[in-house]
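Below you'll find the structures, each written out as structure tokens.
Heads up, the next two complexes both have chain A, just with different partners, chain B and then chain C.
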Partner chain A sequence: MSKAIVYLNQFFGQIGGEDVADHEPEIRDKKVGAAMLYDQLLDADVTHTIICGDNFVGSKEEEAIDRILGFLEDKEFDIFFAGPAFQAGRYGNACGAIGKAVKEEFDVPVISSMNEENPGVDMYKKDIYIFPGGQSAAKMKDDVTKMVEFGNKILNGEKLLPAEEEGYFIRGIRHQYFLPDETPAYERAIDMLLKKINNEEYVSELPIPELDTVKIADPIEDLSKITVALVTSGGIVPIDNPDRIQSASATRWGKYYIDDVDQLQNRRQEAFKTIHAGYDPAAADTDPNRVVPVDAMRKYEEVGKIGKLYKYFYSTVGTGTTQGEAARMGQEITEELLEDGVQAVILTST
Partner chain B sequence: MVKEIERAGIPVVQMANLIPVAKTVGANRMVPTISIPYPLGDPSTSEEEQWKLRYHRVGVALDALTTDIEEQTVFDVEI
Partner chain C sequence: MKLELGNFHVEDIEFGNETTFNDGLLTIDKEEALEVVYKDEHITEADLKIVKPGDMVRLVPVKEAIEPRYREEGGPVFPGVTGDLMQAGDGRTLAMKDMSVLVVGKHWGGFQDGLIDMGGEGAKYTYFSQLKNVVLVADTDEDFEKHEQQKKNRALRWAGMRLSEYLGKALKDKEPDEVETYTLDPITKRSEEVSELPSVVMVMQPQSQMEEPGYNDLNYGWDTNNMLPTFMHPNEVLDGAMISGSFMPCSSKWSTYDMQNFPLIRRLYEEHGETINFIGVIMSNLNVAMEQKERSAQFVAQMAKSLGADAALVAEEGYGNPDADYIGCLVALEDAGVKTVGVSNEATGRDGGSQPLVSLDPKADALVSTGNVSELIKLPPMDTVIGELEALARDGLSGGWDDDEVLGSSVKKDGSIVMENNSMFCGDQIAGWSTKTMKEY
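Showing the complex of A and B:
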């Protein structure tokens, strides 16, 4: 029987929630949490579960990788699974970073699953197999099933088809491959060319990935003459959250007046707190300047490094927020900044 | 969000812990922070240390806004 090892974060590894997202990497010689589901479906035994907090990987990626590769050094395994990470950005990042390192070090197939909105997809789809997954853990069974079906094909030595047919995100790796009907490349190329000339639809065999980069804005010549604004996706809001910004999957943003303060007062002082559901709020609630550094900006204003700190800071929540919503909110905020003559922005994210 | 701000020609610097994510979403100027729940001040250190770190990194971010860059750039921090 083949052997498999599964990687899970602190939540799916049943350690706990955001308060233990700093959990150090560990390996257990048994099936924990979601690893049991893999074991039921897989044509292999799940021998170990690796668990690590998402923040640990986020902040100390190199150490996390070193320690996990160390755990695996003396283990025998034929395949490695990470996730599914759904729409959780930090978990997707962790699955990708760990998965890529395991693939490179041990040369075993590594399979993960993430929602298409998870930034981990674009970061790691070239390195490991990532299947498109659901938005939340409600899709656990479906997502694991997809991963395992493909894993079983690999374990059983079945012929693997191109990414589009197997269903994982295209890795951009080219294989020598003969079409079942054996149409040679020159005929396909001429067919495509004719279609293109006739303005007909055709599908390229070598798609060029679209990169939506933005032109780098010109630098500011003299900060001491301009207004700089603070924007955050860290969910800092007045304690009554007047704009009712959602704690996750946000579609709303707010702007909060700070022209009369030298720093952000905290939750206990009934001023500001975080409503972000994607990280432990304790540190931000105690001192919101850790997320929106009004105090430091005020000091730079006082010493004349910047002309002025803009009278509002802008805030929303960046967890589970779709890229489409984020873009729309960004456009709306930008419109206001332009109107008010703000010339530069510091955006803090958590 | 960072892309929409920059698209309008306003230079923006993103302060983030997950720099690879910031790169993927298309930030051009980036300054690392120390963690996700406390980007600019570790509660287990003294107030003074937190202030020094925050003042320094925000300063790096401000300098980044005045720096001419050719490609996505992560600016170095000292503390």
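Showing the complex of A and C:
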């Protein structure tokens, strides 16, 4: 009998809710919570359950991965399941990050499930099999069933079909495929050509990802009368991170009042720090103005180069953040700025 | 221009005392046929074999495939190549269908050569396993390229053409099973009914990337590297104006047989007067330098526009570097307002994760994919090998190797093989036959 291991978060691993989201990674040599469902459906024994708090992975991803890979080092397993994570962003990120690491380290099939809105989908669909799942735990049985059916196919050595037939999110992995109806390329080409000529819908066999290029704005002739805002994806936040912006794969942003300061105070002064997990924070923690240059902008105000620095700066984290989430946050921030008469933005990245 | 192709279905092939064709049976006087092959003093050894669909036979290194034909009014089947230059595409040409002449190296292969399995699980990877084939297996004294990865294969390819013409003569004065008629009125002289239909051009990008003569596809004997895009009647392509070259990983190539039968052209003909007005063929090429690529794309777009094309089909004989010519041409046509569909293969790597084409552009929004050149294929040993199996591993075939850290040699001691699709003989069938596509996994 094949062996499987299941990864769950603190909630589905029956530790508790949000209050224990910092729960450290642990492995149990039995089936816990949702792992029982896997065991019922799977053509394999679920030998272990790994449980970890979503916040633990979110804030200490590297440590979480190291510890979990350590748990698995001496275990025998043929397949690994993570989730389902539904629409829970942090859980999706955890399933993806852990799943990817397990796949790379042990080269076993890794299967997860997430709702299409879960940012973990775009982040990890290239690395592991992710099936489209429901929005909430009400879909637990359906989602696990989809994952297990596919897992069973792999375990039983059955021929795997293309993604569109198996149902998982496409991964950018393309292989040649003999069409069962043997429609030759010349028929497909003529069919596509006639449809294109007649403005009918057709499906290109090689879809090219659309590049969402944004036109560079026209230069502003006179800055001396306008209000300029600072916006950053560099993760500068007040030291208690009041908006709980994620350190990676952010879905949230914050705005912080600076009208009364000449420059940003640093972490030691218990003012601002970075929560960005994608670069060495030492320099930004020492001087957050190097990411959000309030000090320089004040100088420009003084000499009349700009009219005014806007009273808030906006911040989020750019690392691992999906294009979709980034665009949404950008739109939300822009709406506020426009409403308040801001005419220009300096966007700093890291 | 009116081309009549008189088709004779070859039901069986055998060796006999006289080369004749009667009631579907092609009989070959082997000795006389080999005399034709030996007319080139560079041929040092030659033999003929007959292989049929389902035979447990592996052919490697395969260099060329040709359909035997006979030009009724006289003249060479391949004008400017096997004889004097003359106009192809007008008149009556007799053709042996359901068969080809395959040219196989007795020993030595190269980058551009391929493999065919006539039976077993490997048969599906090439078109030629469905045909009855007369196999010329031969060696030459072209020592200068014996150990070169890139081979011109001149003596062998020309011997194949001579042999095909020799066999085709057996059709002389015979009544074909059926006659296909291909004709297009001059573009400005077409009926209102036809002229009102959407006008379509076929754009061909034959392989022409070698600077040195002797490797590229030939157009009436002229090296396509020395050519700017030019307008041709589709009948010329179907009637021997174009011959295959000896460059490019094999699965991406068009054999001369592919040129003679070019399925995309035939399919456009079927639609002519029904759903489209088939303008003709813009014969482009594939280049090395960026400016050459851009120049060709510019010529194609201008020509399509000047000819009044509303739409175009573009097919690329190759992958990798020439993808830039392919995408460049598709984009130039779209920019000129010509609705374009492209046909080519992809190179997504053994793991399927690589970028499918070297160059991508969102304007190339209607593509037909015919295969992955780097798909890994493992095949069991075959009862018989024609040619030399070791060539797959030894001679730098594009889909073979002599040593791989994980996979070892392409050729195993028991005769089984592991190779990339790259070396399947014209396997991606970009001329239009391919029943393969690409899917996300």
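By definition in this document, the second predicted complex is superposed on the first by the 203 of 350 C-alpha atoms of A that agree within 3 Å, B and C clash if a C-alpha of one lies under 4 Å from a C-alpha of the other, contacts with A are read in each partner's own complex, and residues count from 1 in each chain.
We take it that a contact is a pair of C-beta atoms (placed from the backbone, for glycine too) under 8 Å apart; a residue touches a chain by one contact, two chains touch by 3 or more.
Predicted, not measured: the structure shown is a model, and the values here were computed from it.
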| item | value |
| --- | --- |
| Chain touching more of chain A, residue-wise (chain B, chain C) | B |
| Touching partner for A:71 - first (chain B), second (chain C), both, neither | neither |
| Which of chain B and chain C A:171 touches, first, second, both or neither | second |
| Which superposed partner A:295 touches (first chain B, second chain C, both, neither) | first |
| First, second, both or neither for A:106, with chain B first and chain C second | neither |
| Contacts of A:162 with chain B and chain C, given as first, second, both or neither | second |
| Which superposed partner A:283 touches (first chain B, second chain C, both, neither) | first |
| Complex interface listing, chain A residues touching chain B | 18, 21, 55, 58-59, 89-90, 93, 119, 122-123, 212-223, 228, 231, 233-234, 279-284, 286-287, 289-291, 293, 295-297, 299-300, 305-306, 316, 318, 323, 326-327, 329-331, 333-334, 337-338, 342-350 |
| Contact footprint of chain C on chain A as seen in their complex | 126, 160, 162-164, 170-179, 182-190, 192-194, 196-197, 202, 204-206, 208-211 |
| Contact footprint of chain A on chain C as seen in their complex | 124, 198, 200, 263-264, 266-268, 271, 275-276, 310-311, 313, 339-341, 343, 346, 348, 351-353, 356-357, 360-362, 364-372, 375, 421, 429-430, 432-441 |
| Chain B to chain A touching residues, read off their complex | 1-18, 20-22, 24-26, 28, 33-41, 43, 50-51, 54-55, 58-59, 61-62, 65-71 |
